[in-house]
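To start, the structure itself, in structure tokens.
Chains: A, B and C, in written order; residue numbering restarts at 1 for each.
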Amino acid sequence: MEEFIQSAEYTKFIIDNLWILVAAVLVLMMHLGFATVESGFTQSKNAVNVIYKNVFILCTGILIYALLGFQLMYPGDFNGFLGFGGFGIGVDPDDPVNMFTPAYGLDMTIYTDFIFQAMFAATAATIVSGCVTGRIKLPAFMIFSAILVAFSYPITGSWHWGGGWLSEMGFYDFAGSTLVHAVGGIAGLACVILLGPRTGKYRDGKVFAIHGHNIPLATVGVFLLWVGWFGFNGGSVLSADPVNVSYVFVTTALAACAGALGSMITTQLTMKSLDAPMALNGILAGLVGITAGADTVSILSAVAIGFIAGIMVVFAILMFDRLRIDDPVGAISVHGVCGIWGTLAVGIFSAEHSFLTQLIGVSAISAFTFVFSFAVFGIIKATMGVRVSPEIESDGLDIAEHGNQAYPDFSPVKTSELGAF
Amino acid sequence: MEEFIQSAEYTKFIIDNLWILVAAVLVLMMHLGFATVESGFTQSKNAVNVIYKNVFILCTGILIYALLGFQLMYPGDFNGFLGFGGFGIGVDPDDPVNMFTPAYGLDMTIYTDFIFQAMFAATAATIVSGCVTGRIKLPAFMIFSAILVAFSYPITGSWHWGGGWLSEMGFYDFAGSTLVHAVGGIAGLACVILLGPRTGKYRDGKVFAIHGHNIPLATVGVFLLWVGWFGFNGGSVLSADPVNVSYVFVTTALAACAGALGSMITTQLTMKSLDAPMALNGILAGLVGITAGADTVSILSAVAIGFIAGIMVVFAILMFDRLRIDDPVGAISVHGVCGIWGTLAVGIFSAEHSFLTQLIGVSAISAFTFVFSFAVFGIIKATMGVRVSPEIESDGLDIAEHGNQAYPDFSPVKTSELGAF
Amino acid sequence: MEEFIQSAEYTKFIIDNLWILVAAVLVLMMHLGFATVESGFTQSKNAVNVIYKNVFILCTGILIYALLGFQLMYPGDFNGFLGFGGFGIGVDPDDPVNMFTPAYGLDMTIYTDFIFQAMFAATAATIVSGCVTGRIKLPAFMIFSAILVAFSYPITGSWHWGGGWLSEMGFYDFAGSTLVHAVGGIAGLACVILLGPRTGKYRDGKVFAIHGHNIPLATVGVFLLWVGWFGFNGGSVLSADPVNVSYVFVTTALAACAGALGSMITTQLTMKSLDAPMALNGILAGLVGITAGADTVSILSAVAIGFIAGIMVVFAILMFDRLRIDDPVGAISVHGVCGIWGTLAVGIFSAEHSFLTQLIGVSAISAFTFVFSFAVFGIIKATMGVRVSPEIESDGLDIAEHGNQAYPDFSPVKTSELGAF
């Protein structure tokens, strides 16, 4: 180690390591983004519940990832399908050389590698939190999300980023359109199917809008997600390489912008309105879409991928409502649909990657995640139940599950007192 | 390129490049600052409209800047008044050397240069968004702001930062007190004159306060603007030079603090109250004021510039109300008046710069921007109209233009139902 | 200086300096965190007042720190108890070598050193702001907090970080569990004792809950505090050393997570509820707890320290209510109790440090801060008074002290009109 520290490469190591730490801070900011966008897009009677779920799974998820997820996702040499490097972060304090991630030759310490990955880990579960909001039993969410972060996310992650069979095959998902976002969206889809829609959402063959309660709060969330995404994508370069990181910044930003425009135009053409939540979701759609190929597609392709994602998210949200898949914040569309799109788009827009391989990768990870989630959430449903009572749903989960109100001063109307919702 | 990457200077290049990327992230955060401060300082019935406008122009602005603004602002060799380097970012992917911005010798890749400048580009239009809020037709804003970002901002920008006639002359505007902030304020002034005040703001020879709806939201915005300003000013050093960047941090922070105090004291002395929105505007006033000279004035001068800006913003807001210039969020005062003040202050407090040259620069850019904005917005007014109907203004633009409510759960009172506002 | 700039170490200097500047930005974000968490956890009728106080003391505090605090805290060679290096930041512009902090050999410019320390300085006073909210006279807070930042914080700070008697003794407080957080909590305790509880909080031998008004706003604050804490702790390494900074990131994050879990479990076991504000305070408790030993305790110890802090904060909040110490936002518990715990924990979990020395250090700083605060606030109480009238308290401080309402559109109910609170 002493020798390395005196070498010329060590300076580059310091810079690379610093950038990944800063990127980890930015990814933590995304979790505030998730908490606020999901809370803002739900009713005020459930706003605290969303926040609580996200705080729970972020904190539990990082601890679980430290305990076993990190070495399940990066097991070292393994059979390509399932491996486990052991409990803990995997650093031997008596062997300081080990701190410099020699196992996989990254330009960062193992602590940096861990914290950056740990900040990613709870993302998938946080996406689920948005999908199931407004009617899920809190303990059911807690158990499901912890299991998802502990096993499902690291296992499918190991297939590609851990050096498993998908990476052997040439599958490419730069920063996680599929490995993170689609996984969250697909897991959410499985849960929503088992959970059913919120009462009153689909009545008499019609779809009734249940508006979120705080668009400025959701706006804060979307912008913070964008801000954090520069760490999510930019940090996934795994170094501070000037050309690569700056290129990823450009594709990420332009796709976000094109996503917003795609969504704005689509909403105006199809609904004759300039709906703000849809525009905000368009930014996220563009960001999710570009995540798989941010370092590999051309700038024009990045604009196209984002723009198409912005269009897709509008139709996806409408489609899931037709299918009576009730996703209050649109997370299945934003993260699931656009995550799959972004991964496939790498096979379309990048000459170096095969569409078929991308399709196989997306399908395998989606299938595993769906089956895993359906099974685990199904068992929870069969044993302890997953859905709150109609009274609790009507009154809101904040009071029933937490004894809190999001805004006590503003006397939010209890819907049960009105006999409506 | 290979040779450069193996040179000793390359390490410094990596660090400089990384800092500008981080600074770009911070400037993006300023756009969340603008969205929340402007939304918070308007009525809740128009809160979504403000956000939508800002999202639209941020996203459209970045795309337009990529398409033509970047090379209009930095055209390379040109006549000093108007030049155009061509469409796109100007990087030739087949010539990787080009990525290292050899044309103007910056210590960053051309992608980094672009993304940092692109984050600045929509700022001026976002400032206009605040000035015209509450009564402007959405399409009128969209068209005007896109034209402003596409042509006016890059052209006046080229005069100084692009190496044009003002820089030849010795004019100095470090990070854009004039080039960014005054441009936004002056463009907003032109629009407000053509648009007229909100109904009921000036009645019977009196000024009626129309309060913003959410001071905590505006507070989030002001702090995020301050946070982001370290990237705006600190990144404008265009390198990670330790003395220069840290000096800029100190002058920026102290001017912000002095601006707040200047505003607090002035408000107490003149209005006998400790008005919170004024204190928040004082922070912004100090930041706008120091932006032109953050790297060149002394620390004591920075405090003086910020303090005076904090005093000026209070009187400017009162003055514009006397003149029946209705600027709901005070953006003309904060960005226009304090932007001009900050630029002139460089000529007063820095021995290296001439007051006369500063005055010429400010005047030329302000005049161009005012005439350009007045003409473009005037044409829009004459053709498609710029003002919503009295009914829409009374009900709020959120429902009429977007079909959204900012806070559906809290049943904001429709003013048309009350016959008052 | 020229020679140094051409040396090989200069590159490392640039990187270290840059990281501390980024860390300073993150610590500024903590002040937005304090403003929003304290505002969210108070009633809406006092929400603006909290924000105003925090803006005031942040801005005033930084200016005072520039004027005299910085050289009172870092006086150079001194007697170990009290020293003063002179007014101003202490840089001689005619001696550029001086910019490179040669006096204490830090890898940063004196401007960087100053701005990082200045961002810390107002923290203690901001903590007090939360404790005294809802009934303190604004001028009383302004005077007290300015004196606290000007004298008390830098003097106790000089004892350890300035190289004074506590550092001589071997006392260790890495980033300020005691020097920053406990100082704020203890000062708040002294003020609350002199100020008394809010009217109606303790009646008929019972404790009545006075709910905060905006949990999503408080959530924004807690997350931003966590985000900023990576700068607070990570920057306290005072370099970008890869192993040290990344290790501090890991201990900081895991302690925050464990704190949340500790609080969640405790709340569920003792109150049979999953209270969201308590979970949020658990995150802060973990962060405050790990701050003293983030670079020196083991990873498992960090989890234990955070978890115990999360448990302690729940019982501390309950205990202070039993003692009729009315701390509306729980800041004495979070920052005072957990700050003391974290400092003592270094003596328990780190073999290199002595529990006794830690106890002496905590006791000395706490005693000084309490006596100083009690005396100063006592004098203010005896002369100008510290408490608003019952009418103002009932109506809320926002209207009485500022003429503002936090949310004018939502017509917050004036409690005096209802004859209740």
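Criterion: a contact is a pair of C-beta atoms (placed from the backbone, for glycine too) under 8 Å apart; a residue touches a chain by one contact, two chains touch by 3 or more.
These figures come from a predicted structure and were not determined experimentally.
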* If a chain touches chain A and chain B alike, it appears here -> C
* Looking at where chain A touches chain C, is over half of the residue numbers used by both copies, so same, or under half, so different? -> different
* **Whole-Å separation of chain centres (CA-atom averages), chain A against chain C** => 32
* Among the residues of chain B, pick out those that touch two or more other chains and give their numbers. => 11, 15, 18, 22, 214, 220, 407, 410
* Which of the residues in chain B come into contact with chain C in the complex? -> 11-12, 15, 18-19, 22, 26, 43-45, 211-216, 219-220, 223-224, 226-227, 230-231, 234, 240-243, 245-247, 249-250, 253-254, 256-258, 260-261, 264, 273-277, 279-280, 283, 298-299, 303, 407, 410, 412-413
* Structure fact -> Within their complex, chain C touches chain B through residues 11, 13-15, 17-18, 21-22, 24-25, 28-29, 31-32, 35-36, 39-40, 47-48, 51-52, 55-56, 58-60, 62-63, 66, 88-89, 93, 96, 99-100, 108-109, 111-112, 114-115, 118, 138, 214, 217, 220, 401-411
